[in-house]
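Shared between the two complexes below is subunit A, which has subunit B as its partner in the first and subunit C in the second.
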Partner chain A sequence: MDVRSQVSMVFHLDKCIGCHTCSIACKNIWTDRKGTEYMWWNNVETKPGTGYPTKWEDQEAYRGGWTLGPDGQLRLRSTDKRRTVTNIFHNPSMPSMDDYYEPWTYDYSNLFDAPEGADQPVARPVSMVTGEPIEVKAGPNWDDDLGGSPVYAANDPNLDALSPEQRLQMQSIERLVFFYLPRICNHCLNPSCVASCPSGALYKRGEDGIVLLDQTRCRGWRACVAACPYKKTYYNWQTGKSEKCILCFPRLETGQAPACFHSCVGRIRYLGVLLYDADKIPAVARSRDEDLIDAQRDMILDPHDPAVVEAALRNGIDPSVVDAAQRSPVYRFVKTWGIALPPHIEFRTLPMLFYVPPLLPVMSAKKDGAVRNASDDLFADVEDARAPIAYLARLLGAGNEGKVRAALRKQWAVRLHRRATTVGDVDRATADRALRETGCTAEEADEIYRLTALCTFEDRFVIPPMHREEAIEMLEDPHVWKQETGFGFRAGPKREF
Partner chain B sequence: MNATPLEVLLFGAAPYAALALFFVGTIVRYRTRPFTYSSLSTQFLENKRHFWAQVPFHYGVLTVLAGHLVAFLLPDAILWWNARPLRLYALEVTGLAAAALTLVGLVNIVVRRARHRMVRASTSAMDWVVYALLLVQVTSGMDLAVSKTWGSSWFASVVSPYLWSLAKFSPEPDRIAALPFVFKMHVVGLWAILGVFPFTRLVHVLVVPNPYLWRRPQVARWYGVRRQARA
Partner chain C sequence: MRTRVAAALVTVLSLAAAAGEARADGDADDFKTSCANCHTIGGGRLVGPDLKDVEKRKDRAWLVGFVTDPTGVLASGDPYAQKLLAEANRVPMTPIAGMNAKRAGQLLDLVAAESKLEKSRFAGGAVPDRAFDAKNVPVGRDLYTGAAGLKGDGPACIGCHRVGDTGALGGGRLAPDLTDAVARLGGRKALSAWLSAPPTPTMKRLFPFEKALDPEREILPLVDFLQDAAARHAPSERAPARVAFVLLALGLAGALLVGMEIAWRRRFRGVRETLVKEPS
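Let's turn to the complex of A and B:
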């Protein structure tokens, strides 16, 4: 057992209101530089929808992630050692700016400087790449809220899982449904970006599992952009280097939640440590599609188990990190309650960001047009929810409907339970039956309710001490630099040549 | 034929100035500006013509450079090879084809850079200098290959000794002075390219994806000394 710690995340989709505050917080801190204008390390997309970049989930087109060969071995879809050499001059799996959008600003000065004339001056859109006027054809969140759109929603790759009737239904006005999917780097356990990098510039931090990209080692071969199936590494066309979400590690190291977590209006984001067995990564990543979710959950270790704690300490994990793991809200959502699921785990990168699937309007228009909130068969409503379970299963369950169904039913049971407790229009016996059928106790239901609805900062973000001070002592002797603070030179990420 | 003072300057002194610039420049840049040690790819901005520009150019130019290197290092081997007409033709045709591939790629590079608005916007003045020098170099080289037969043989018998004379610090510019103008242009072009090399995107030639071919797929970095990660 090789115990390692990983800063992991849960996004509770039922609570996301699609306000994009996370995206803006991230953009203002990290990607408002030249060359990064088009990048959204954090983005929120409407589902069903095509997403950002357009149809990123379609790996037939983008060739991201891993595939399982006939010999049972993992292979990168986009590259391997041989193809890295032959394709080094032109990456055949590289998306282009057209797949994202061309960033622009407006020629505001024209509003002040335009010569006097008969017409009101206007601020024309100007490309942030060329500085020339452009006609805007796409932009960030171009398909925002267009859940029923035949142009955007209908092209969602996940809809392949549905029958033609179901697809049509999803576009009908009475059954129209959409929800939001906020996305950041998943800081995977088997990251394809790291595995594809010809320069070895990408790496996983050993202590906390954050995936980073060494800007100086990066030679701009763009293999990571092609290899990441979530398209969460981005090419900076100005510096010729790739960049990605850094999980705000400078904030984490000072005990603050990442900017997108901190600013989240709906409080949907949870962050905590998971302990996992790194020895199992190769086997887990090679599991059959239907076993992937369970295999990944198995790999995550119980931080209360004395044997795990001992192995963790033996592996050099600090006791304070083990303590954080024991209080981790992510562990509860993923392991204890089993209601948080990894996105597209069939890409086999083993993402460490989990989503609680949304209980979308459970009240659906039934045959006679009547809307009911609790039927006799308690879970018929979940089955009948407006977003077909098959769709959610494609997104969050690697096609495994059982996992999504279980997560939704448990949440539904929690709702019935809390309704019976606080409002009383659902009778106790009904609520208890719902709990029993999902294998959930009243205490557990109350805990889920509390962590979902009443969570404070401290509940949501259990940030382990990162012990950066010790790390620096390991790298260089602090006495050598005593009284020298402020001296020395660092070069900015600039190209003079 | 004795070299004129200008020729002594161009073929006797300029090589050393260019090589000094090359070595000092590349090392200083690597040490002080490691961030800039790569080419600035524009594939993200334009993805189709990029293929027809970069792939022919790079495969072509690598073949041509390999040929020059072999002729420089092993002139006797080239002369031995060229002793049979059929082998000579094969070598000359291969070289010319590689040069043609390079030229096609280079023309595509220049046209793509000039015509695509986003690619043009991310092209620097030094990039244009590089393309101009490369165009001169490739066209002059092709002209030599076609009009001054058989280049591979006289490279080995005339140019290689000249280059070795430079390497031995006893330059013999007279050897070049006797050659036709286009060839002199080709040699001066070489020194020009080596001289500007450290100040252009060309430095990307010096960084190859070397450890990738031998390393494990996954990379982990630990504070201080810890284990290496595996897949």
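Let's turn to the complex of A and C:
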């Protein structure tokens, strides 16, 4: 047992209001530099929709992530040792600017400087690439709130899981459904970006599992851009290096939540440590599609188990980190309650960001000027919810509907239970039956309710002490490091040719 | 005292005489490297006219002007210069690097002096010459294509010139076509003389005096090869080679593109554009 710690995340999709505050917080801190205009380390997508970059989930086109070869071995879809050499000057699976979007700003000065005339002056959109006025045709959230549905929502790759009839039904007015999917780097356990890099510039940090990209080693081959199935590494055309989400590690190291977590209006984001068994990674990543979720959950270890704690301490994990793992909200969502699921785990990178699937129960139609609910029961069964389970299963369950159904049922039982407790419009027997059916106790339901609805800052973010003073020991004597800090030359990344 | 003065006088005079002789030698070397490749003095015409008694045909001022700037005089439409150009198969006189009025005057002095001699040393006797020898054609071809190296390590002709359809792509396009060089330069002897010290700026740098071609083993086989090529290739059949070259280049480029298209047929081609193009 090779116990390691990983800073992991849970996004509760039922709480997301799609306000993009997280994206803006991230943009302001990290990607407001020249060359990063088009990058959104954090972006929020409307589902069903094609997302950013357009149709990123379609790996037949983008060829990201891993695939299981006939010999049972994992292979990168985008490249391999041989193709790294033959394709090094032309990577055939590279998204272009058109698949992201051409970044633009507005000519605001015209609002003040325009000569007096009959018309109101306007701020024309100006391309941030060419500096010329452009007609904006795409953006990172172009299909926000089902904007352009016939094109974008209709082309969501996850809809492939549905029959044509279901697809049609999903777009009919009373079943019309959308929810938001905020996305950051998943800081995967088996990252394909790290595996693909010809320069060895990408690495997974030992102490907390954050996947980082060394700007001094990056040579700009962009193999990671092609290899990441979530398209969460980006190429900076100004510096000639690639960049990605760093999970705000400078903030984490000082005990603060990452900017997108901190700023989240809906409080949908949870962050905590998971202990996992690194020996199991190869076997887990090679599981069959339907077993992937269970295999990944098995790999995550119980931080209360004395054997795990002992192995963790033996592996050099600090007791304070083990303590943080024991209080981790992520562990409870993913492992104890089993209601948080990894996105597209069939890409086999083993993402360590989990989503609580959204309950979308209310279904109503307007008839003769009055709004009518499809069912009088406000909390009808999850099978009748507007978002087909097959769709959510394709997004969050590698096609495994059982896992999604269980997660939704448990949330549904919690709602019935709380309704019976606080409002009383659901009778206790119904609520108890629902809890029994999902194998959830009343105490557990209350805990889920509390961590979902009443969570404080400290509940949501259990940030382990990063112990940088110990991490630096691996590289240098901490006293020498302390004395030398601030001396020498350090230049920012830039093109050297 | 007087003997000393006389001795000094003798020394000065002999020094002056030596200087005069040295000057004459310098002029002769100058004539040899700058003029003799196209002109003789009393040896008949090579590429350019025989210079014997040239000042009886035209006055010195005109001659100095022409020698210092032949291109300018030819461009000015001077009738005598045009006549000379016509006589030389329209091969214009090459401007000589560093030529000025003083040097031109010295060279004309030398020509005048040599013209008075019974037999000038520049009568063309040093120019390698003999009748066409078919046995030497393959030797010349090897020198031309570079299959056999040149003695002075100069580059092979095929790099810049072409002769008929010799070589893989018919040779280079950078320099003039040499297929009719023998006729253009006015015969074997003229071409041999020209090759022994090429006067044009590029050739002069590639084949300076110390890298000069060997008269017997290089110049004559090359001339034989060129004469043979001129006989076998009529001027009319040369044009299509250029068209074929362009067509071949286009064909190869097309084949390369098709090959790339096949090799990378599964490449990512962008998804957004295809989405929004679909009729909605």
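Everything below uses one rule, namely that the second predicted complex is superposed on the first by the 448 of 497 C-alpha atoms of A that agree within 3 Å, B and C clash if a C-alpha of one lies under 4 Å from a C-alpha of the other, contacts with A are read in each partner's own complex, and residues count from 1 in each chain.
Convention: a residue touches a chain if its C-beta (ideal position, glycine included) is under 8 Å from a C-beta of that chain, and two chains touch if they have at least 3 such contacts.
Quick caveat: nothing in here was measured; it's all calculated off a predicted structure.
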Who does A:96 touch here: subunit B (first), subunit C (second), both, or neither?
both
In the superposed arrangement, which partner chain does A:84 touch: subunit B (first), subunit C (second), both, or neither?
first
Answer with first, second, both or neither: which of subunit B and subunit C does A:195 touch in the superposed model?
first
Which partner does A:138 contact after superposing on A: first (subunit B), second (subunit C), both, neither?
second
For A:47, decide between first (touching subunit B), second (touching subunit C), both and neither.
neither
Taking the superposition as given, does A:61 touch the first partner, subunit B, the second, subunit C, both, or neither?
second
Name the contact category of A:232: first (subunit B only), second (subunit C only), both, or neither.
neither
In this superposition, which partner touches a larger number of subunit A residues, subunit B or subunit C?
B
Looking at A:152 after the superposition, I want to know if it touches subunit B, subunit C, both of them or none. Which is it: first, second, both, neither?
second
Which positions of subunit A sit in both the subunit B and the subunit C interface?
90, 92, 94-96, 98
Inside the complex, what are the residues of subunit A that reach subunit C?
50, 53-55, 58, 61-63, 90, 92-96, 98-99, 137-138, 150-152, 155, 226
Subunit A partner contacts - residues on subunit B that touch it in the complex:
29, 32-47, 50-51, 54-55, 57-59, 117-118, 120-122, 124, 126, 199-201, 203-204, 207, 209, 211-213, 215, 217-226, 229-231
In their shared complex, at which residues does subunit A touch subunit B?
74, 81, 84-85, 88-92, 94-98, 102, 127, 129-132, 190-191, 194-195, 197-200, 202-207, 215-216, 218-222, 225, 235, 237-241, 278, 281-282, 316, 470-471, 474-475, 491, 493-497
Can you list the subunit C residues touching subunit A in their complex?
264, 266-268, 270-273, 275-276, 278, 280
